[in-house]
Amino acid sequence: MDIVINFSSGLCLFIGSFLCVSGGIGILRFPDFYTRMHAVGVTGTLGAAMILIGLMLHSTDLLVFAKLVMILLLTLLLSPTTSHVLAKAALHNGLMPKLSQNTLEQSSLDLKSKETASSKF
Amino acid sequence: MIDIVLLTLLLVVAIAIIRMKDLFAVIMLSGIYGLLSASFFVAMDAVDVAFTEAAVGAGISTLLMLVVITMTGRSENTTRHKPFPALLLVVITGGLLIYGTLDMPYFGSADAPVHSHVAPRYINDSMQEIGIPNIVTSILASYRAFDTFGELVVIFTAGVGVLALLSIVRRPIKGDKIAAVNDSMHEQHLVIRIVTKILLPFILLFALYVQFHGDFGPGGGFQAGVIFAAAIILYAMLFGLSTARIVINQAFIQLIAATGVLLYGCVGLVSLLNGGNFFDYNFLSNDAIAGQHLGILLIEWAVGCTVASVMIIIFFNFADYRERQLSNENQHNQESP
Amino acid sequence: MNLSLELMLQLSIIVPLSATLVIVATGDKPNLREGVTITSCLILIYLVVNLYQGLSLGATISVFWWELLPGLTVSFAIEPLGMLFALIASFLWLVTSCYAIGYMRCHQEKNQTRFYSYFAIAIGAVIGLAFSANLFTLFIFYELLTLSTYPLVTHAGTENAKQAGRTYLGILLSTSIVFFLLAIVSTWFVAGTLDFKLGGIFYADVDKVMAGTLLVLFIFGIGKAAIMPFHRWLPAAMVAPTPVSALLHAVAVVKAGVFIIVKICVFIFGLDLLSVLPTTQFLLYLAAASVLLASLVAMRQDNLKARLAYSTVSQLGYITIGALLATSSGIIGSSMHIAMHAFGKITLFFCAGAILVSLGKAKISEMRGIGRQMPLTMLAFFIASLSIIGVPPTGGTWSKWFLMMATLETEQWLLMVVLMFSSLVNVAYLLPIPFYAFFPVLLSNRESNKAPNQYSSKAAPVGNILTGRQIKEAPLPSLIAIVITTLGCLTLFIYPQPLFDLASAVLSIRE
Amino acid sequence: MISHLPVLQVIVPLMAAPICLIFKRAQLVWLFSLLVSGLTFLISILLLQQVMTSGVLSYELGGWQAPWGIEYRIDKLNAFLLLIISAISTIVLFAAQTSIEKEIDKNKHTLFYVLYLLSLTGMLGIVATGDAFNVFVFLEISSLSSYALIAMGKNKRALWASYQYLIMGTIGATFILIGVGLMYQMTGTLNMQDLSQRLPEVAQTRTVFTAFAFVIVGVCLKLALFPLHHWLPNAYAYAPSIVTAFFAATATKVAIYLLIRLTFSVFGLSFSFTTIPLQSLFMALGLIGIFIASISAIYQNNIKHLFAYSSIAQIGYMIVGFSISTVTGLTATLLHVFNHALMKCAIFLALAAVMYRLDDVQLNNFHGLGRQMPLTMAAIVVAGLSLIGMPLTVGFVSKWYLLSALLEQGWWPVAVLILLAAILTVVYLWRIIEVAYFKQPLVDNAAVKEAPILFLVPIWTLTIANIYFGIDTRLSVQVAQAAAQSLFGLTP
Amino acid sequence: MLIGLFNNWIVVILMMIGLYIVIAHGNLIKKIVGLTLFQTSVFIFYISMAKVVGGTAPILADDIIQYSNPLPHALILTAIVVGIATIALALSLVIRIKAAYGSIEEEEIQRQDNQIQADKKERKQA
C-alpha cells in the first residue's frame, strides 16, 4: 500500500517541480511583461499545489497533513489574486502590452477611453 | 551548504541595491533581502528570528518605505555623494573586521566559548525552571525579561516619536463623504476586496495563534503584533483610511499602546511587591512554574498589544500625512488650474 | 569695643565687600551713598590700625575659612608686608573716595553707584589679597580684583572704553590663567604646600632649573606688576575716569602686583634660594629694561595721564628689582618704595584729575602757565614728583636709598647705573610740568616760536603774570585729598620710623 | 523597598511615560513629570548614600543569577552619574512648560513630556545596568527619543539636524552591537562583571582587539569626540532650547561614563592602555578637539552654536583627563563631568529664557541685553566665568585637578596647551558680554522684559550651585575620588 | 578552514556594503535602506555565531540532544525590533524633510541650508 502512496507522491512532486521549471523558462522566453506574468501565474499556482499534494501524501502524522491542507487552500486563494493585482497595477501605470502591428492602434484607442473613466481616484 | 547559497544570493541583492537608481526597485530589493535573510535564519535553526525578520524586515519596513516614496518621488539623482572617502572608510572598517574574524571559533563548532559558558544552563535547566519547550521564548520572557521590556519601550518610543512628528489635528469627515470614497474604492479594487474579506478573519486568527503558541513553537508577542497590524493595514489600504479610522479610532490605539507597556511593567511590580526581585515570576503565584507560565503569558500579551498598536499608529500617521498632502495638492490645483 | 584680633581680620575683608550691598541699596540718594562709603573707609582704617597695633605687640593673627580641596585651604594670616600694604590701601581708599566725591560731582559722571560699589569690591579684594595666608587664597582675590576693576576701567561705556577694557582684561586674564595658575599648581606639586613660610617653602634639594622656571612663570604670571612684555594694559586703562586710574595706578592693582612679587620672593622662594637661581639674573635685567624703556617712553608722552602711567611702569620695575636682588636692604627698599610711590603717584593723579576737571586740559603742552590758576595743585604736583624722583624733602629718598644700597651690596653695578639714570629721566619728564606751569614766561625764545603760538594767546596775557588772579582751583573735597597725600609724602620723609620698622619686620630682622 | 532602589531608579520614569500619554492635559502632565523626576532624584540620592556606605550594590532582575539573568551593578561611578542626570532633569523640567509654550505647538506638549521621560529613562538605564546588551537597548531608547525631541524644534533645520544625528547615532549603536557581539563570541557571556573576568584569557586574540576598537568608536560617535562631532552643533542649535539644556548637560556625560566603564571595568586597565596606544591617541584627539572647537566657537553668530562648540571643547578636556589614566586624571574627568553639567545647563537654560523673550539667539539679539534681562545675563556671566575656570567656581576645581594630574605625569606642555585653550574660552565669552553690556538694544526689542519666574528659579539655582560646589567641594571631590580609586582597584 | 570563516567574510562584506550605501549615497531613503542592510547583516553575524553543526532549533523535544545556542536568537529578536523602530522614525523624518525642503537629496538640502545662512548674514550686515 505504501509503495502506491510513495509512487504517487513522487509523481506529484515531479509534476509540480516540472511545472515550476517550465514557469521559469517561460519568464525567460516570453517577450513582454504580461505574457511572462501569465506564464508564472499559471504554473506557479498549479506547481505549488502539486508539490503540496505530494507532501501531503508523503506526510505521516495528522497535524502536518492538516497544516499542509491549510497552506494549499491559502495558495490557491492567494496566488491568482496576486497575479491579478500585479497585472492591474501594470496596466494602471500605463504599461502597454506588446501586440502585433495591426491590432496596436485599435486597442490603444478603446484603452484610452476606459482609462479616463476609471481612474478618478 | 544551503546557507552558502543564501549568502551569495544576499550578496547579489546587496550589490544590486547599490547599482539601482529607481527607489521603488531598491525598496523591493530590500524586501527580498529581508526575506532571504529570514530564510537564512531558518537554515541557521533560528526559527523565531526568521519569523520576526520575515514579518518585520520583509513586511512592515518595505510597506512603510513604499508609503514614503509615494510622497517623496521615485527617482534618485545620479551623482554619487562622495564615493571615494566613503569607500576608503568602508574598506578600513571592513579590513578591521576581517582582521577580527581570523581568531573567531570556526562556524558551527560545538566547543566554542559561546556554547560552553552561559548557554548550556538555558538548554538543560529551562524545562525545570520555566517549563516551556521554546527556550528562546523562555530567555526572552523570563531570563532576560528586562531586555524585552527595554525593547518594548523602544517600540513605544518610536510610536510616540512618529506621533510627535506627523500627527495633525483631525477634522471629522462627514458621513456621506466616506461613502463616496468607499464606492470609488470598491469599483477600483473589486477582486482584492473580495479576497481580503475572506482572508482577514484568518489573518487575525493566525495572529492570535502565533501569540499564544509562542511557548511551544516559534512565535510570540512581536510576530503576533506585527501580523495583527498587517491585517489592519491591509484593511485600511483597501477600504479607505477614513473607514479604517472609524473601525480603529486613534485615541483608543494610543491607549492600548500605553496600557501594553504598563501591563508589562505591572507584571514586574507585582512580582516586586510579592517579595521577589523585579520580573521574578516565581512569586506571581504559589507554585513557581505556574508563576512562570502566567508571567510569560501576560508579558507576551502585553508585547502583542503594544507592537500591534504602535505599528498601526505608524501606518495611520504615514497614510494620514500622505492624504493631507494629496488634498492640499488638489486644492492647490483647483485654485490655480 | 574689644573685638578679638581674628574677628577684626575677617571683618576687615567683609566690611568693604558688604559695603557694596549697602551702597547699591542706597544708590539713588547720592549723599547717603557717599556717607556709607566714607563710614566704611573709616571702619576699615580703624580695624587695620587695631590689627597693626596687635601685630606690633607681636601677636600672630591667622584665620581659617574653609578647605576647598584636601590640603588647599582658604585662610588668612597677618605678616608685616601684608600689614604695610593693607595700611596703605585702606588709608588711600579713604582719600580716593573723598577725592572721587568731588571729581564725580563736578564732572557729572553717570551711574556713580556702580562706580562706588565696584570700588568697594576692589578694595575688599586688595585687603583679602594683603592678608591671604597661602597662594590659593591670594589667587582667588587676585582674580576677583581683575574682574571687579574691569567695570571701573570700562566705566565710560564708549567704544574706546570697550577697546581698552579688552586689552586690560585680555592681558591680565591670560597672564594669570596661563602663567600664574600653572606656577601655583606646579608649586603645589613640587613643594606640596602653598602656605607662605618665611624662608621659602621649597626643600633644599629642589632642582634649580625647575625653581628657576617657576620664578619666571610667577614674574610673568603676575600681569598686574606690569613687567615689560605685559605692561600694555596700564596705559590702555587711562581711558577710565581719574579716581579709577588713581586707584589702579597707585593704590590697588599695580601695588597688588608688586606686593605679590615681593611676597613670592620672600615667602615662596626665600632669599637664599632666590639668589642662587639661574633665572634671577635674567629677570633682573628684564626689570631694569622695563624701568629704562618705560621712563624713556614716558618722556615723549604728551597726555599727562599716559606719562604718569608709563612712569608707574618704570617705578614698579624699581620694586621688582629690589625684590629680586634678594638682599635684606633690597626687600626693605622695595616694601618702603611701595608706600612712597603710592603716596607720590596718587597725588600726581589727583592733580591730573583736578586740572582735567577745572581747566579741561589733558595735554602737557597746553599746561604752560596754569600755576596761576591752580597754585595749590601745582605745588602738590611739584612735591609729589620730588617724592617719585627721590629727592630729600620727600619720602621717596629713603626707599631709593635702600634700593641703591641693595645694588651696591650685590655689586650689580649695571643695575646701579640704570637706577641712577632712570632717576635722572624721572626728573626730565616730571619736573618740567610744574616748572612751566609757574614760569611760562622764562621760555627761551627758540622754544617759544616752535611751540604753537595759539597757546600764548589762550594763557594769561604775558604782561600781567602776577596780576592774572582768576584762581580756578579743583573742587574742595578733591583739594583736601591732594593736600593730605602731599603731606603724606612729606611726613614719610620726616618720620619714616614706623614704615621702616614694618619693612624690616618683613624679614623679621628685629634688632 | 530600599533593596529595590536600583531597579526603581529606572522603572519610575519608565512607567510614568505611558501614564503621561494617557492623560491628555499638558498642564497636568507637566506637573506629573516634574513629580516623577523629583522622585528619581530622591532615589538617586538614597542610592548614592547606600553605595558610599555599603559599597557595590548588585540587583538580579528576574531573580536569576548574574551571568544568566540581567544584573544591575551600582557602584560609586554610576551612582554619581545617576545623581547628576536626575538632578539636571528635575531642574530643567521646572522651566519646561513655559519654554515649550512658545516653541512647540499646543497639541504636542503631552508627547514632548512622554519623549522627555523616555530619554531620561534611557540614560538612567544605560548608567545603571551591568549587562552589555542591555546597554545597547537603553542606548536605543535614549537615542530614539532624542532624535524625536530634536526634530520637534521650531526651525525647519531641526529636522535635517535630527536626521543626521539619527544616521550617525544608529551607526554608532550598531558598532557597539558589533563590539558586544564579538566580545560575546570570545567569552560567551554578556554580564560586564563576568566579561571582565573572562576577557584577560582571550585578550591577546585579534577578535577582542577588534571588539575593543568597534565599541570605542561606537561610544566616541555618541560622545561627539573630535573627528566624529559633526552632528552635535546643529542638533543642539536647532532643537527646542529645553531639549538642548537637558542633552547638553547629560547626553555626552552618559557616553563618557560608557567609555570609562568599558576601558576600566570591562576590558581592564592593562589591556586598554598598554596593548593599544589609547593614551596618546585620546590625548591627541582631545587636544585637537579642544582647539578646533574653541576656534570655531569664536566665529559663530548663533549663540547656541557657539555654546555647542564649547561643549565639544569641554568634552575634549574630559578626554584629556581620561587619557592620563591615573587616579587623579580620572578624578579630574569625573569632576569635570559633574561641573560641566552644572555650567552648561545654566547657560542653555539662560539661552532658553532669551529664546522665550526674543524668539532667536543670534548675536544681534543680545544687544543691550545686560540692561533688559539683567538676571539672565548675570547668570550667563557667572556660568561663563565658571567655564573659564575662575576661582570660587566649579570650573576652577576641575581645571585644578586636571592640571595637577598632568603635572603629576610631568606633561607640562599639555598643561600649557590646556591653559591656552582657556584663553579661547575667554575670547568667545567676552564677545557676548561686550555685546550685551556695551551695545545699545536694537529698537525693535525695546519692550523686552526679564525672563519669567519659572525660568529664573532653575537658572539661579544652577548658578548658585555653580558657586557653592566651587567652594564646598566635599560632595563632588570625595565621590569622584572614591569612584576613581574603586575603578583603579585600590579600595579607599 | 575556508568554509569556517567564509561565512563570516561574506557577512563582513554585506556589512560594508550597507555602510557604503549609508555614507556614499545622497538620497535619504537610500541611506535608510543602507542602514537596514547594515543592521540585518549584523543580525546574520550573530545568528551564524549561534549555529552548532548538527544542532536543531532551540525548542525542547525529547529525542534531540544537540541544540543551537538560543541566547543570540533572543538578542537578535530585540535588535530587529529596535531596527524597525529606528527605520520608522527615520522615515517619518524623511517625510517631514520632504515637506519642509521639497527634496530628499542631501546636496539640495545642504544647499538650501547654506542659502539661509548666507542671506541671514547679509541681513545682519544690512
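As written, the chains take the letters A, B, C, D and E, and residue 1 is the first residue of each chain.
The criterion applied here is as follows: a contact is a pair of C-beta atoms (placed from the backbone, for glycine too) under 8 Å apart; a residue touches a chain by one contact, two chains touch by 3 or more.
What you see is a predicted model, and the numbers here were worked out from it, not measured in a lab.
Common neighbours of chain A and chain E (chains touching each): B. Separation of chain C from chain D in touch steps, taking the shortest path, is 1. Of all chain pairs in this entry, the one linked by the most C-beta contacts is B-E. The chain with its Cα centre farthest from the Cα centre of chain C is A. Chain centroids computed from C-alpha atoms place D closest to the centre of all protein C-alpha atoms shown.
If you average the Cα atoms of chain A and of chain D, the two centres end up 59 Å apart.
We define each chain's centre as the mean of its Cα atoms; on that basis chain B and chain D are separated by 32 Å. If you average the Cα atoms of chain D and of chain E, the two centres end up 26 Å apart.
Not a single residue in chain C touches at least two other chains.
For chain E, residues that reach two or more other chains under the stated contact definition are 15, 19, 49, 71-72, 75, 78, 82, 85-86, 89, 93-94, 96.
Of all possible chain pairs, those that touch are A-B, B-D, B-E, C-D, D-E.
Across the interface of their complex, chain E is touched by residues 3-4, 7-8, 10-11, 14-15, 17-18, 23, 26-27, 30, 33-34, 37, 40-41, 44-49, 52-53, 56-57, 60-61, 64-65, 68-69, 71-73, 76-77, 79-83, 85-87, 89-91, 93-94, 97-98, 101-102, 104, 106-110, 112, 114-115, 118-119, 122-123, 126-127, 133-136, 139-140, 143-144, 147-148, 150-151, 154-155, 157-158, 161-162, 165-166, 216-218, 220, 222, 307, 314, 317-318, 321, 325 of chain B.
Residue ranges of chain D in contact with chain E, taken from their complex: 133, 136-137, 140, 144, 147-148, 151, 156-157, 159-160, 162-163, 166-167, 170-171, 174, 177-178, 181, 184-185, 190, 301, 362, 364. Contact residues of chain C toward chain D in the complex are 66, 68-70, 72, 136, 139-140, 143-144, 147, 154, 157, 161-162, 165-166, 169-170, 173-174, 177-178, 181-182, 185-186, 188-189. The residues of chain D lying in touch with chain C in their complex are 385, 388-392, 397, 399-401, 403-404, 407-408, 412, 415-416, 419-420, 422-423, 426, 430, 434, 438, 471-473, 477. Every residue of chain E that touches chain B in the complex is listed here, in rising order: 3-21, 23-27, 29-30, 32-34, 36-37, 40-41, 43-44, 47-61, 66-78, 80-89, 91-96, 98-99, 104-107.
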